[in-house]
Each structure stands twice: as C-alpha cells, then as structure tokens.
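Down below are the structures I want you to see.
The following pair of complexes shares a single chain, subunit A, combined with subunit B in the former and subunit C in the latter.
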Partner chain A sequence: MTQLLLFNVFNGLIVGAFYALMALGLSLILNLSGVINFAHGGFLAIGGYLAYTLIPYVGFWGALVLAPLLTAVIGFIVERVLIVRVYGRDPLYSLLLTFGLAFIFEDGTRFIWGAQSLPFQVPGWLMTPLSSDYFFLTGYRLFMVLVVAIAVIGLFLILTRTRLGIRIRAGTLDLETVSVLGVNVRILRNMNFGLGVYLAGLAGVLAVGQLGLQPTIGASLIMPSFVAIIVGGLGSLPGTLLGGLLIGVASGITTVFFPSATEAVIYVMMAVVLLIRPRGLLGEEGRF
Partner chain B sequence: MTSDMFSKRIDRRTVIKTAALAGVAQITSPFVITARAADNVKIGLDNPLTGTYAAVGKNELIGCQLAIEQINAKGGILGRKAELLVEDSTSGDAGTAVQKARKLIDRDKIDFLLGNVNSALALAMAGVSSEKGVLHVVPGGHTDAITGATCHWNVFRVCNTTQMEANAVAGTLIKDYGKKWYYITPDYAFGHTLQAGMEKASATLGGSKVGGDLTPLGTTDFSSYLIKAQAAKPDVIIFLVQGDDMVNALKQAVQFGLEKKIHLAGAQQELEPLEGLPPEARIGTWVFEWYWNQPGVPHVAEFVAAIKKKTGRVPTARTWFGFVSTWTCALAANTAKSLEAVKMAKALQGFKLPPEIALMPDGAFYRAGQNQLIPNLYVGNAQAKGSAPDDLFHVTNVVKGADIAGTVAESGCKMTWPA
Partner chain C sequence: MNSPDLNKQIPNVVVWLLLLAMPYWLPAVGGYPELGTRVVILGLAAMSLNFLLGYTGVLSFGHAAYFGLGAYGAAMTIRYLVPSTGIGILVGILIGTIAAAIIGPLIIRLRGVYFAMVTIAFGQVFFFIAIRWNSVTGGDDGLTGWTRVPLHFGFTTIDIQNNPLAFYYLVLVLFAVAAGIMAWMLRSPFGRTLIAIRENERRARFLGIPVDQHIWMSWVISCCFVSLAGALYALLNNFVDPRALYWTQSGDFVIMAVLGGMRSFWGPLIGAAIYVVLQDYLSSQTENWQSFIGLFFVLVVLFFPRGVLGMIRRKVMS
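What follows is the complex of A and B.
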C-alpha cells in the first residue's frame, strides 16, 4: 500500500508537471493582457498535429523544436488580427472570441487531419521504462519533466533577466505606466501572447507522445489547466506551477482510494481553495 | 494610445465562470443542415459528429450513405426515394440527442430513426422513439438494456450486446492467458454492463476478478490506474475503455512495458483506435464485431471496394453498423409493404439479412422477441502489420452469435406490443 501510494505521488508529479506547462502559457497571457485564452487547447492540438506532419521531414527532434515555433507564429497572427480588438473591453468579449476560436481550431484540425486518432511515434529508446520496478518512469516521461523544467527555468529567466521579460512583468502590474514610459505595449502584448502559445504548442508535442492525437485532445486537457491557475492563484506564475503539481498528485493519490473520483477531486480541491483562500495559494491580493 | 487600450483586470469570478463555460463547451456542438424533399422516405440519423465519438460516428454515417445510394439504385423504399437526414447528437449529452430526435420526428416527419454510438444516448433516444412509435435502429450502442431490460417493440439493434462480446472472448482468455483478471472500465452504462458481462462469463469458466477501476469517460492519463493494476498481479488486464480512451490507455501501458509481464486484452476492439496507435501498441486479444479482411466470404470484397472508393480507406465495423442499420429500414418497409412502424417491426421478427448486407460467413438475423441482431463475432489479436496497411487484426476464431447470445429470457427483454 505504501509503495502504491508512493508510486502514485511520483507519478502525480510527472502528470502535474505537464498540467503546469499548459497552465503557465495560459497564465502568462491572462496576467498581462487580461485575456482568458479559451483557444489554448486548440493551440495545443495544432502543436501536436504540426509535429505529426513535420516528423517525416525533420524527425522527432526537429518537430519538437519547429512545431511549437510554428504554433507561436499562428499565435502572433491570431493576436494581431483578432485578439488585439478586444483588449480593454469587457472580459466577456475576449471570452466569446477565444471560445469561438476553440471551436474553429477543433473543427479545423478535424477538417484537415480527420476525426480519427493518428499514430504518433516518438523514438523507441525513449519509450522503455528505466527499471522494471519503477516501470512508470519511462524515458519519455522523464524527458517530458526535463523539458517542462527547462521551459519553466527558461521562462523565469526571460521574465527576470531580459528587457522583454521585465517589461512583461511591469506591464502585468501597471500597463498604463509602462506605456507612458515609452514601451510599445502592442508589441509587448504580441510577444507575450506568442510566448504563451509557444508553451501550448510545446505541451501539444509532448502530449501526443503519450496520448492519442485527435481533434479533442486540447479540450480534454484545458480544464485541469484552468484549475491549476485558480488553485495556484491568479497573477502568480510560481502559483500556477504549484497548482499544476498539486492537482497531479491529488488525482494520483485519489486513484489509490477512490478511482472513479480522480477527475472530480481536482474540482473539489478548487472549491476548497476558493472557500478557504479565495485568491489561490500564491495569488496576489486584490485580484477578485 | 487611449486608456481603453488597457485591459480591465480579470477577476477570479470571471476565471471560474470561464471554467464553467469550458465544461459547457464540451457538450454543445454545431447544427447540421441537410436538404430535404417532401415525398421521400426519410431516415433520420441522430449520431455523434463531434467530440470523443466523432470518428466512429463519421464511419457509421459513411455506411449509411453507401446504403442509401444502393437502396435508391435498387428502386428505393416502396418505390420512393430514400433520403438521409443527419443531426449531430454530440458524444455525451443525452439532452441534445433527445432534442434532435424529437426535432427529426416532429418537424422533419422521419419514417425511421437511427442512432446512437453512445449507449446512454441510445437509451434516451429509444425512450423518445417508442413514445412516438417510430421504427428505431441502434447501429452501435452496446449496453445490454437496449435489447434487454428496457427493450421496446420498435427498437432494433445491429451491434452486439456487451454480454455477447464478453462471452465470445472469455473462453480464449481463460484458456490461453490465465484466470486472474484486472479491469479498467469506463464509468458509464456501456462499461458497467460490459464489465458485469465479463465477470459473469469468466466466473462460469472458473476465472476471478483481482481488482478493477472505473475511469471517467475522456480520461487522458491512465498511468495511475496502470500502477494499481500492476500491483494487483493479474494474469490479464482487461481494457474495456473505448475510442480515444483506448488509444491513451494502450499507448501508456505499452510505454510502461506492461505487455511484457501481463497479458493485455479486452472485449470490444475496433479498427479506429488500432489505426490511431503506433505499431508497437497494436497488441492484445479482442473481439471485433465485423472485419473487412474475410477471405472467401461472398460480397465482402465488393463492400470494401465501394467504401474505399468513397473514403480511400477500408470499412470498419462502424461502417458496417451504419450500412446494416440503413438497409434494415428499407428491408423492413419493403418486406412489410408498408411504412407503418408496427407492421415493419413485425416483419423484422426473426428476419434474416440477405448475404450482401450481412457480409458474414454464417449470416445474421434479428432475433424475434428481442430485436437483437445475432451475427458472427471475430476473436483474435491486434497486430502491428498484416497483409495490407489496414490489416491490423488477426482473426483466430469466428464465433457464431447464436452460440453465445444466451436466451431471450436471459436477456431480460419482455416485449409488449401496442394493442
């Protein structure tokens, strides 16, 4: 029993790391631009499908680099053409816009690549467990955690060490002042949106290594990301990371005792956090 | 630059509302519009085109469309042209499925209702069709109740009951792979009855259950269930999940190397998920309800060629379900020489499908008093590579439905006819 529990805690951390990656992109966009990007799951799916299409030409590693970048380019364009029009309006507008986009992306991928799951292959040597006792620690899953770690560290470096990152953080606190100081807020938002979508694309490529590649893949992953943000606290990227890991572990542990509630438990957690600490675990005061 | 360029702060409530909206998003779907004419005989298909079951729903639709073409080429239904009206039922929202069924019956005045892939939706639709007295064929919803405890005189089913699938595969699994089974089961009507069926079938052969988990429909990560399953040390892990869930579960099980320690198997398997799996994950012992590669069975090759011409791919069991369901409507009307539902339903009691529709070595018939099609079932193993790119299943044993279907009394169906 102890071993089973321990396995599931570890396993939950792996699963949670993935949720966190998706939630970070969502959180990044939400914090600076105030847009709840409903189409995030759609971008994730596009990342996965682009990787599938690119693999015959550039191989898995090439696709891992290129597909998220291409997804980010689509993100740039979407922001420039559509999202830019709803800034400063009631949040309902951006909600409706990205909600519609989510549908368009899902049906678009269905139209282009078909409704059926596509077989996605990652290099064989990644697909084997490292030891027969710890069989859930496969090369691929550790690799996934590694990529998430690199992405998270990279993101924090960008945010703390580069001019762009410092502006993004400053803009999150007070966009008007940042603008008055001569920063081009339009470009800042565009870059920020692209960065968020890049993370979605990256999550997409990683996801299809162990999930079926089908048009609904984004829709099934976006809910845990929302929950991760709410549990971790709005406005806090470390909070989002923590939220993702927590819900992963919580659903892992629930499997041991009450398997049919693994999905429900993350919502219960969200409810408890909202009741006891409405701003989320690491959320900043005054965001509600 | 004006100040309204700047965002309003998003508050927590908005995010929560958004999350709620995301939930709703998964059950709403666009509307499908089809052209229609007044004097045609109308067949209404209320089946998933979006969501988890979009792929299998689409294949059923293709089968229906081929059948409509053939029916019209052969003189239509009672000399009138047959027409297919299509509605998206969604993959999981019974409310939408029922509303679309009512719309098809009340507004479009359909003569036949077809659907649904999802057992729960099929049951809900059967409630509507029997209330309205419309002949209803369920192509691919497997839960036993449809032709069991809640059977109706007007509701016929093409795919097998879950108990039939369980009975077909249980013997092979016990004999070749062992008696201790662990279940990974989807948490809805289909999964519950299939697991009950497997437990019953295995118990009669001396098998036992060492554990099992109910997984929510749409589960993406099966790792924690697989950890539990392995810890229970079963001989066989029985995967009863379907569609995308099956793809996710098998993909992860193979990554964990479980297939090297424990036999992976299940009851119902389909070509769609196998096609979505990388070759190394196309493994395990399963039941197919129809398979395209049946050398020597008459008319199968023509059917495969016709579907390939339409879609470029081989037909799956789902394509066959749609095909048979639609043909059943035409055969019922032409045999009864009437479009009255009661007369047609009576004509289908014990009705044997012609070989060019049945496409099976022993044929298929609707069992009287239960309205359940009794076909052949195909037991075998998934394979990474076969004789052709789409040949992903190796049939080892063709089972006669009549041998494993139990009796009508056992099905629990007590049919009452309108006075």
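What follows is the complex of A and C.
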C-alpha cells in the first residue's frame, strides 16, 4: 500500500511537472500579452514529433536540445504573422485565433506523421529501474524531473537576472510605461512568446518519451495546464509552478483511492480554490 | 406603426419565412432534412451563448458542457427512465440549468480571459464523468440503444420518430419559443440592464445595479437554452457521445456567434448555418477537414471580426 501510494505520488509529481512546464509557458504569454494560447498543446506535440524526426540524425541528446529550439522558432513566426494582429483587440479574438491554430496543429501533425501512435526511443540506460523495491524509479522519470527543474530554474534566472527577463516582468505590470521608456514592445512580446513556446516544446520532448507520440497529446494536456494556472493564481509564475505540482500530486493520490476520478479531481480542486480564494493560491488581488 | 418600425420587422419576417419553408427549399439547393434541423439546433445553441457573449459582454468559452448535459439528460431519461421525448427534453434542460446555477457563483466575479479559462476548464469535469462512468453513460463510445419516441397527446400522436419533417417542426416550435423568450427578455428592463453592464460595468455598478446577480442570471438563462439545444441535438442523432461535452465544441459555438455577428439577434443563427454547411461539405471532401476548420477560425478573426451581419450593417450605414 505504501509502495503503491508512493508510486502514485511520484507519478503525480512527474505529471505535475509537465503541467507546470506547460502552464509556465502559457502564463508567460498570458501575463504579458493577455492571450490565452490554446495552441500551446499543439506546440507541445510539434516539439515531440520534431524530436522523433531528429533522433536518427542527432541522437536523443541532440533532439532534446534542438527540438524545443525549432518549436520556439515556429512560435516566433506564428506570433509575428498571426498573434500580433489580435493584440489590443477584444480577448475573444485571440481565443478564437489560437483555437483555430490548435486545430491546424493537431491535424497537421496527424497529416505529416500519421494518426497512429509512434514509439519513441529514449537511451536504454535511462529506462532501467534504479531500485528493485521501487520499480517505478526509472532513470527516465528522475531525468524528466531533473530537466524540468533545470528548465524552471533557468526560466526564473532569465526573468530575474537578464535584461530581457526584467523587461518581461516590467511589461507584465505596465506595458505602456515599458514602451514609453524605449523598449521595443513588439520584439519583447515576440521573445516572450518564443520563450513560452520553447517550454511547451521541451515538455513535448519529455512527454513523448513517457507517453508515446500521438497527435492528440497536446489537447489532453492543455486543460490541466489551465487548471494549474487558475489554482496557482493568475499573474504569478511561482503560483503556476505550485499549481501544476499540486494538481499532479492530487490526481496521483486520487488514482490510489478512487481511480475513476483521476482526471476529475483537479477540476474539483479548482472549484474549491475559486470558492475560498478566487484569485488563486499565490495570485495578486484585483488583477482580474 | 410607422415605417422605420416596419423596416425593423422585415429581417424577422424573412428569417421566419425561411425557417418555416426550410424543408421545402433546402433539398432544392442540395441539402437534406437533417442538415436543416442541425442548423436550427446549433443556431439555438449559438444564440443562447450570444445572450451572454454578445448582450451581456461576458466571455464564456464553456457552453459545450451545458449543451452536453442537456444531451445526456435527455438521452439517459429516455434510455433508463421513461420513453417520453417531452420528459427527456425537460430533464435535459433541468440538469443543464441546475449545473449552471451551481457553478455560477464560483465564476461570476471573474472577467475577461479569466472567465473564459475557468468556464472552459469546468466543462471538462462533465466530459470526464461521461467518459469514466461508462456503465451508465456508455463511456467513450457514447450512449446508444434508444431513440426519440413519438409525441402522444390525448387526441393525436405526432410521429417524430420516423418522420424527419415532423421532428424538424417540433424543433422549430421549441426554437421559436426559446428565441421569443430571449428576444422578450432583451427588450425588457432586465435585458437593457445586461446591455448597460456590457457597455460599462463600472458605471452600471455605480448606478446601484447588482452586476454580479445580473451576470449570474444571464449565465443561467443562457445555459438553460443551450441545454435545450443539447437535448434536441441528442434527439436528432438518437445518440450522444462525450464529444458533445468536449472543449472544442465550445469553440464551435463561439465561432458561430462571431461569424454571424455578435451584436445582432439573428447573427448566431446565420453563423451556425454557414458553419454547419461548411463542416458538412468539408468532412465529405477531405480527411483533413479539421485543418480547414482551423484555417476558417483564423480567417474569420483576421478578416471577418464583425461577422456577416456586422459587415452588412456597416455597409448600409456608410
């Protein structure tokens, strides 16, 4: 029983780390540009599929580095060509635009790589269990947690230590003033969007190693990411991180006791948070 | 009645005439009876959504949940409780409306994209219930093994089961009732208050209008009619599956409303007609119809943000 519980808590933590990685990207874009990127799941899938295509040429490690970067490049282009046109308009239009993009990405991956799920090879030594008692502690799972941790630390370092990050944070609070101070907001939003999409691509490469490649992989991960943002609190990146891990662990624990509610429990958590604390756990008062 | 008032009535008369005669002119332009029924049902759903979206100015992206609840309510009632179409529809509406009324207080204080995010996420609860509770809901495969039943009145029986024409007119009658109630509400002081909230929420608040209460009421009314549409949709297909509850369905309703024109009463119906016909055509032509639908979303946002009726009105004005 303890082992089962431990297994599921650990599993939940990994799933939560995915949610968090994806939700952090969504949050970045939402905070600075006010756009909910429904296509984020599509970017995640693209990241995974690009890695699949790249592995024969550059190996797993090369793909881990290159695939998210290429995804980010696609993100730059999409932002520049399409998303930029809905800034400053009714938020309805950005929702519909990214909604349409989500359809195109999902169908596009299906068109290019096929509808059936494909196997994704990770290095063999990563797949061996580390301990016979705790069979679930494969190297790959630990590796995923490690990569997510590095990515999150990297993100927070970028946001606090670099000029770009400081500008992003300032723009989140007051974009107009940042613009008046001579920062090119167009470039800032573009970089920020790319950064968010990079995180989605990275999550994609990691996710397909665990879950396999399917065109719908992104669509099934995006709603929990929304919940992570809402639970953690809009406008707060640490909140998003906390929210993601929290809902992951909660659904992991629920799997042990009431397996059929595994997915539903996170929405119940969201309801409870909205009831007690509408701004989310670490959200700022009066932001929305 | 003076002539400007008469002019205002012309679009209404045209719409009703077209709807009443639809089974007769639709085959001539290459349609089939179910297509017309689907247009009316999804048009009702989009108009219900627009009550909230266009007239109250609240960005709801989760209406598929209540559409699906209406559908499952009707289907499960007929399958398990009583083989009666009327009771099925009533139960469907009741379930959708009650769910909306309960969720309402959690969300009415949120605005803008936050509201959209929370409503669409909440919808997923019902999706997962439908998927997981498969002994009752049929799970992923949907709920089969039932059909709509003829309507029995004391003096006569209307066979909506085997006669698509009869079913179309049943749908149209219910559509007329729902549209009539919504139009009447929008003309009432209550409806005017909703528009005031849309135009300037802060000012409405300062005037002493209980804004949150009004938004809650608008939300519940909107969800009530969308669950009616859902119930009818299940009856049309004699089938319901979890996709009726899935979040992408919510996006479909919003695009219908935007495509037709959010600022006009009939706009969403026109949007639904265009969308349904387009989807029907694309899915018969290509396997990758989803990409084209996505492209269509993008094109509408970039080039058609005011919708068909918005464009026409602008042309007339200038």
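The definition used in the following text is that the second predicted complex is superposed on the first by the 282 of 288 C-alpha atoms of A that agree within 3 Å, B and C clash if a C-alpha of one lies under 4 Å from a C-alpha of the other, contacts with A are read in each partner's own complex, and residues count from 1 in each chain.
We take it that contacts are C-beta pairs under 8 Å (C-beta built on N, C-alpha and C of every residue); 3 or more make two chains touch, one makes a residue touch a chain.
For clarity, every value in this text was computed on a predicted model and none was experimentally measured.
Q: Consider subunit A as the common anchor and indicate whether subunit B and subunit C clash or fit when overlaid.
A: In the arrangement built by aligning on subunit A, the partners subunit C and subunit B clash.
Q: Per the overlay, which chain contacts more subunit A residues, subunit B or subunit C?
A: Tallying touched residues of subunit A, the top partner is B.
Q: Which partner does A:104 contact after superposing on A: first (subunit B), second (subunit C), both, neither?
A: second
Q: Considering only the touch criterion stated at the top, classify A:277 as touching first (subunit B), second (subunit C), both, or neither.
A: It touches nothing on subunit B or subunit C.
Q: Output check: A:216 vs subunit B and subunit C. Expected answer is one of first, second, both, neither. What do you get?
A: Touch partner of A:216: subunit B, not subunit C.
Q: In the overlaid three-chain picture, which partner chain does A:85 touch, first (subunit B) or second (subunit C), both, or neither?
A: Second partner only, subunit C.
Q: Between subunit B (first) and subunit C (second), which, if any, makes contact with A:116: first, second, both or neither?
A: It touches subunit B, and subunit C stays clear.
Q: If the shared chain A is used to align the two complexes, which stretch of subunit C, 135-143, 153-161, 189-197 or 261-269, clashes with subunit B?
A: 135-143
Q: Counting contacts the way the document defines them, which residues of subunit A are shared by the two interfaces, the one with subunit B and the one with subunit C?
A: 30, 34-36, 38, 89, 91, 95, 99, 102-103, 106-107, 110, 219, 223, 226-227, 229-230, 234, 260, 263-264, 274, 278, 288
Q: Quick check: in the complex, which residue numbers of subunit A touch subunit B?
A: My answer: residues 3-4, 7-8, 11-12, 14-15, 30, 32-36, 38, 87-91, 95, 99, 102-103, 106-107, 110, 114-121, 124, 127-129, 132, 135-136, 138, 140-141, 175-176, 179, 185, 210-217, 219-223, 226-227, 229-230, 234, 251-252, 255-256, 259-260, 262-264, 274, 278-280, 283, 287-288.
Q: Taking the touch rule as given, give the residues of subunit B at its contact with subunit A in the complex, in rising order.
A: It comes out as residues 1, 3-16, 18-19, 21-23, 25-26, 30, 50-52, 54-55, 58, 187, 213-216, 218-221, 223-228, 230-231, 244, 247-248, 251-252, 254-258, 261, 272-273, 275-280.
Q: Given the complex with subunit A, which residues does subunit C contribute to the contact?
A: Answer in residue numbers: 53, 59, 61, 103, 106-107, 109-114, 116-118, 120-122, 124-125, 128-129, 131-133, 247-248, 251, 254-255, 258, 288, 290-291, 293-298, 300-302, 305.
Q: Enumerate the contact residues on subunit A facing subunit C in the complex.
A: Its residues touching subunit C are 30, 34-36, 38, 82, 85-86, 89, 91-93, 95-97, 99-108, 110-111, 219, 223, 226-227, 229-230, 234, 260-261, 263-264, 267-268, 270-271, 274-275, 278, 288.
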